[in-house]
Every structure is written in C-alpha cells, then in structure tokens.
C-alpha cells in the first residue's frame, strides 16, 4: 500500500481526526469504549437463544449475536431458521434488554433484517458485495463490516468507503482471520491489520477470535491479544451446549469460559485505558494462578 | 479433500458419468467442444462494443463477453454502464450473430440481466453468494461459475452443487486464478484445479487467463497450457485500444494477438482431440518461427 | 515486480539475449531441447534404482533422478541412504549410460555429492541457502535451482543471480509448486511463473509436476500444460512399486503411466517446435481414445 | 493437524509437563520470565553496535541481537561484516555485560559463530535446513528457532524436535510472521501460532514484531499483543539512526520508542503475571494519555 497516495478518503484519519463514536441503544461503540458482543453462531431454536441471551445479559453483555440466514459452504448444511430465527433472536434480545446484531446476506433481505436487527453484519464472503454495501449505506442502522478472508487491508477500507460514501457513517470494521497455508487453525487472525487499521482510520475496529482461530482454547489468549493490539471490541461465539451446536461448535465457548475471559479482558482494558461496556462487580486477580 | 467421502453429489463424475454438454444458440459447450469466449472487460460505449464484436464474429467467435455492472474495489472507479451497457452489449451481439455472457452481481439484478444475456456469469467475489446462486438455479439459462480467488476446489464444486440442486444443470466452472503471495502476476492461475476438477466432475471447465495472469504477454502461453491441462474453453479479454481501456487494460489483448492465439489454440486442440468452435480457414504452422 | 528496474542482471534476457544451452554428457539442455528427467523420490536400495534406471534408459531417458540425502519434515522419517545411496545411484546411471541429478542439502556435502552427480539439485527449502549457492557457484557442474515453495519469481531469479555471479552459468530453473490455501493438491503448480520466467530470463525452465500436484493422476495433464506454457523440460517421479515407496508414493507414476506421458509429451513438443531428447519409435495417435 | 496423533514427541507438553527454563548468563528464559532481546538488524561498524549496546544495557536489556552473516535476497545487498561483525558484537556485549544472539547460516559457520555467541539464531529461511539443525543439536548453547515464513506450526515443532532429539534441550521458538497475500505489512504476524504453540509445547515462545510487521509504528501494539497472547519474550530491532540503516531501517525502532515500549510491556507483564527481565525504576501510568 503506497501510503502517500491513499485510494480512500472518508474512512481515513486524515479526513476525520476524531474517532467515530456512536450509540446502539444502551451501548456506546468507538473511542475509549470496549464492547463485547456475544451469542451463538446460529439461532437454533427459541429455547437455545433465550437461554444464552439470559446468561449474557446477567453478565452485562449488551449486544447479542446470532445467525438466522447462514451462508454455508454446502447446500446440505443447516441454512438457518431464516425469519423464524430473526423473531426468536429479537424476542430474546428484548426480553433481556439487549441489542441485536445479525448477518444480512443479500440486498433482498435488507428490509426484512432491518425490522429485527440493531446492527447489520456484513459477512466475510460479502465484504465486496458492492450492491449490498450500497443498499446498506442508505439505511440508518450501524454496520459491522467483516474483513474478507482474502481481502487486503486496503480493500477492506475501500469497502467501508462504499458505506460512508453512500451516507452511513456508523461502520465497525471487524477482523476475523484470513486464509493462509496454515491448517492447524481455521483462519490466521491478523492482528497486524487491527493495529494498522487503527493508524489509518477513525472507525472502530473489532475482532472475532472465534472465527479467527476456530479453536475454543485459543479464544481467550487471542481476545487478550486483540485488546492489547488496540481493538475496540470483541465478537465471541458462545453456546449452551457447544458439542451439540449445529455449526461452529468447535470454536464456541462454554458459559464458564466466557466468564473468565470477561474478567481478564476487563483487567486488561483497565490497564490500557479502555472502558469495558459490561459490569463486573468483582475485579479478582484472575491472572494469578 | 478426503476423496473417499465427497461432500457433493450432483456435480460429481460418480453421479453422472457422461460429460455435461449443452447448446447456447449456435455454440455447443462441454464434451469434445472447445469454446473461445472473448470481449472487453467492460462495455464502455456503443462504438467500442460494436467494433470488438464485429472483429470477433469475423474470426468465428460465437460468445461475446462484456461487463455492464462491474464489481470494483473502489467506489471511485468506473462502475459500468449498467442497463445501458446491457443494451449495447445485446445489440452488438445480435448484429453479429453472437451470444452474450455478462456478470450478474446481485439477486435484484437477475431479472434484468436475464433479458439481455445468454449465459449468466457469477464473478469470483460471488462464488459463495448463496442467495444469488439459489436465484440463478431457478432460471433456465446456463451459468458460468467463476472460482472464488481464495476458494478451494471443494468449495467451488459445492457452490456448483447449489446450482444443480436448485434445478439448473447447465453450469460451466471457470478457473480465473487464486490469490497467493506472488505479486509479479495479478493472480496465480491454478491449472491443477482444472485438471483435478475434470477428474471429479462432469461439468465443463473453462479458464480465464486474462484475470489469471493480469499480464497480456502471459495470456497466450497460459491459454495453451489451459488447453493442454484439459480445459473445455477459454475466456479472453480483448480491447480495440487496450491502453485506453477503462479497466483491465494491462491484461487485454490487441486484436492481432488474439489472431495468433486462436491459431495456436486450434492447432493444439487438433493435436489433443478437441474441436474448437471457431472457424479458421488456414491452419498455418504458426508455432514454427 | 517493477519491470522497469530489475534487481537482477546476469540472469536477465536483457543481459544475454540468446537462451542458455549446455550439455550434460549425451543430453543437451536449453534452447529448443526438451528434456525429461525421471527417477524415484529416494534411492531405497540397489535393486530398486537399477530396476528403475534400466526401464528409463530403454525408454530413452538420459538423466536419472534419485535422492540420497533427503530433507524430511520429521526426524523420524526415512532420511535417505546417504553416501550408500549416491553409490547405488551412480552405478545404476553408469550401467545404463545415464547422467545423475541429485540433491545437495548443505555446503559440507558439496564435495561428496560432486563425486557422484552430473547436475546438482538445490531443493525448494534451500533456494535461499545463500552459503550453499555461493559454494555451488564455484563448481563446474550444472545446477538445477528449485523454486522455494513460498518464494516469488523475483526472489527465484535473484537466487539464480547468486549462482551466475559466482561464476557458474549453467543453471536450470525448476518450478515445483507453491504453498497456498488449497489443500486438495499438495502444492499449487504455478505455470504463470514458467511463462513469466521465460520472458525475463535466458535460463532453461523446467517443471516438476510430481511435487507440483502431489497426485499421480494429475502428473500427465500438468506435464502437458507445462510443455504448452513453454517449459524446457520435466522432472518426474516414478517408482517400480509406488504403493511401497518410502516417500512420495502417492505422486509417483507407474511405469506404464510414464510410457503414455512420454508419447503425449513428444507429440505436443513436435506440435510446438520443441525437440524431445528421448527416442520414441512409434508416434501413435495416443490422444485419441 | 490431527491433535490425537502428534507426529512429534520430545517438544510436546504431554512428554514434559513443566515449561523448559534455562539460563543464559544473567538472563533466565522460559516459565514466568519475560525477556526482551534487542539490537540492530545488522552489525554495521564498531561504533554503531557499541552505541546501541550501551543504550540497551542502561535500560536493563540483557541480550543483544545483531547480524554478522546476513541472508540477503539479492547478491548485490550488504551481506554483513562476517567475522569482523562477530568480533564487534561480542566486544560490545562484553563491555556492557550483555549476552549475544546472532544468526548462524550454515553448518560451516557453526564453530566460528559458537566462539562469539551465547544463543544461536536459526533464521526463517533455515528452519528446515536439517543438516544445520543436526549440527546445532550437538552443541551446548541454546538455540532460537525462527518459524519459516511459510511453515506450518506442526513443521515448526518438528524442526524443534530435530534439535531436542539431537541432544540440545534449550530451544526457543520464535514467531516472526508468515507470508500471505497481504502487502500492507511485510509479513502477517501469526499470534494464533504463539497461543497454539503454548498449548502444545513446553518450549518458550518468543515473538519478533519487527520482522512480523515491517513497520516501526506497529511494533509497539504487536509487542503488547504478543505479551497478551502468551509469548515468553520479544526480539526487537532498534537502530541509533534507523533512516541510515543498511537493512530493515523501516522496521527499526528509535531509542525513545523502545523506552515507551518497555514501560508498556512491563505494565502488561505485571498485569498478567509475567516477570520482565529488565529493571524499570519508575512504573508510570504510561498507557494513560
């Protein structure tokens, strides 16, 4: 990337020197805030999403993730509950005073997803679905733009430029791992990209360590690494019964693992001057064994 | 890929042992046929596409490519002439008794593109746009499915499975290069994938050496390599004034370069028992210097 | 690669416009010659290498490959017969009037390997072993420089520049596949690199489709693709009992597969004006089924 | 990686449950220790290395890095001062009561480098130089094994297995970035690999954020991320005049940048229970702006 001649403008720190900060109901995103978004990969049934949302809201989590329309490599895999899933997700969020983030896969679904979600998620496969970006840029709801798994940082910022140019300033960049030759992890989480994006853009940058590693046991260390690299938030997959999950069970945390992760993230955020958006009463010395 | 337990079915050679062959107007695709599709990256104006189509049809080329809706990395790049481009493209094809292939970027555009095209092209960024695949699977026009630039061969075949499962059997696979660490070429053309796809599937497999190399001077040798690897056709970018092209000029052939390429491809096809679908009167010993 | 300011000189076509041609005993390499080098991945015992060499020499193959010092990912894998392997290999070659090519892994082994080999092979892991390159550049035997599996074309040419700068002009470049995200094939054979190297350098460029695919059934189509892309030769793994091979059995040809491959390569070479260096009496229409 | 059937043994946590801890003069490596190794990419002259060593030792840094034999892509680039460089490096270290780490590029250089170094560094290009690994395994000095830029985690651990199997237990793994499609950063620092290696092996794992990013401004955030991901140390490039450096200037820190980095690393280490091996009198709240 020739840094002297940037191909984007609206997303750049030179264009706007203050970090982009915006509210989603009771959550504030960007600036000194650090958000933790959590939920299952897919909404599987009403009970599952209510169980998870209830747990998360008790922990202070304010934004609930969950897929209703799922992009799946195979046509024979579970494709999501679709509108039924959106309804369950929304109801679970309302019942627990949470906001919703869910993926919109296609221009035809923008209106429907709009009814139920608080934040649109653009998935990794759609980072360069330019018709979808243009449609979303005309809505008034925030957008999380996941990095394409083989997209450069410059392409990612240019995709965000489509959103800002279309009129929607409330964009979250989300690094979720890139595709490399390594096979021990599902993706290679590129924290360089987080640190670099923070020097190039005023937009908040979050990290998805669940997709970024594919391995439950790496979610905690890579969450902490993301905090230290300068991320503004995390998006975590969690499940009440990971081994029974219809998708991505191998990378979903157990409830008690999230609890530990939240404590450590909070301590780290305190250390580096970020404000976590979830309440934790006790601030135990959890790093000490 | 564990070859003993294939995750796809309808696209596999085990499911259907005979190669898939179908007609697009006066062109026959698949089996022993070898097709050469050519045209500019983008339809730029009426005169340009007519000039190119007229030249190509005189050479015997039966299928005209040209982009009307262009997926562009930057919102500031030329985005295509849209419906106006489709009209120019269709008129140029009709005037020269050619068929049209053009990219459809979004479910919302399927009906409009259907009016003008003979073959739908699914671009590399949309190989896993599953809503689009599902919509196209319900149409009765053939589909060229370009491989995602970071998609595995298995993911490519599974994307094709979406199309066949939805009811459309007339699918062309098209290898167009993958993204690697190499920067001397725009993409790394993966002819392994062509040879392997031919052992796994009954679908015709074409190659786009223009995208696959990004360099005009490599289009000829890689076209010949594609023929030798077992490809069923080529998709070539050509322009009447490559240095003035609004996009992809660096990889577009000059008219006289296509002429040489066609002669060599024909000789090679004759050698290995493929039938080129364009007429060439003379069969000069063009390989000899 | 900025083509206007090349970082190498001696290997470039601008420096020396005529192709590099040299003899290795009865074989001539470079220019219009097309060489087929064959043999097992590793010399396993005396009988094996004699059986294979005897078969190959009857087919007209002039250069015998075989590993004596094997670079193995695991210390628990078969590491080669070492000097004993060199002796068996040399004797098998002499008995069949063939030349030897074998890998030299380390500066300490240069003198010993020199005694037995006719061509030094620098393996993919050693392409940037600069001390080894410098040592080999001072010998008077030709060197095959395999491309590093994650080396760019420019880095490959610069490694060759070390050899020419040190005083050894007889260098063969060999593309053997690069490491990418694809897992269905062992490597991604990059024929773009072959075509590009031929436009940049006067050195002969060969291809190893055995390493480049990892799958026996892809060796033939990718050999033909290599010929068509402009390669000056092939290096093929073959074994008298592939299923019993101590290494790389999955990618080793059976004897009768090599026979078919040689016929097809010869026909293709005839078509494009290359001279194969092996005799074939009959030139049957083997492409026709 | 099939975790149920590991191809390595001696390096695995199952084989040895306690972390490997060893001393290098006054520095202790592994376990709860966190080491900071620093110095220039290359020893350029006597004054340069003394200036840098003097600065570093005042800061409490105990291990001095510096290249004397430099592996360079081009034969026309500065190749290092060779033995002269080793002498300057050793003298600078002795004068400042520091230990030396420097790269050994070849088996022929093992004895010479042994005289001057306290820790052997195996560079990324030599991770699979198995003859070199075998030679080093027979020495009694610790070895830092940098990950090959395109080597999997499993291959990295297997390379370390060569060292332990040969008899040298004092091995440091060092992640230094892998080669991907991204071009905005020189390499993609793979902290997943650090977190995963810590779950698989008892060996200390360090990180080189200078090579891993190629950009001075990313060295601090990625150093902190490495700490949080569980690394046991950092290896940092620093130069008294980065803009004049003969190699890698773009990624070398200025003196005052290292000062800030050390403070932040110390605070982070305190937070997570690691002991930095350098003294810092003041522990100012440097994260607060």
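Observations on the structure shown:
The first chain written gets the first letter, and so on, giving A, B, C and D; residue counts start at 1 in each chain.
Just so it is clear, a contact is a pair of C-beta atoms (placed from the backbone, for glycine too) under 8 Å apart; a residue touches a chain by one contact, two chains touch by 3 or more.
Since the structure is predicted, the reported quantities are computational estimates derived from the model, not experimental observations.
Looking at B-D and A-D, the interface holding more C-beta pairs in contact is that of A-D. The most distant chain from subunit A, with centres taken as the mean of CA atoms, is C. For this pair, subunit C with subunit D, the centres built from the Cα atoms lie 36 Å apart. Inter-chain spacing, taken between the CA centroids of subunit A and subunit D, is 33 Å.
One inter-chain figure worth recording: subunit B and subunit D are separated by 48 Å, centre to centre, where each centre is the mean of the chain's CA atoms. Across the assembly, subunit C contributes 150, 179-181, 183 as residues in contact with two or more other chains.
Interface residues of subunit A, counted against subunit D in their complex, comprise 1, 150, 152-154, 178, 180-185, 188-196, 198-199, 212-213, 215, 217-218, 221-222, 224-230, 267-268, 271-273, 287-289. If you check the complex, the residues on subunit B that touch subunit A are 7-8, 71-76, 105-109, 125-126, 128-132, 149-150, 155, 158, 161-162, 165, 179.
Residue ranges of subunit A in contact with subunit C, taken from their complex: 150, 179-181, 183.
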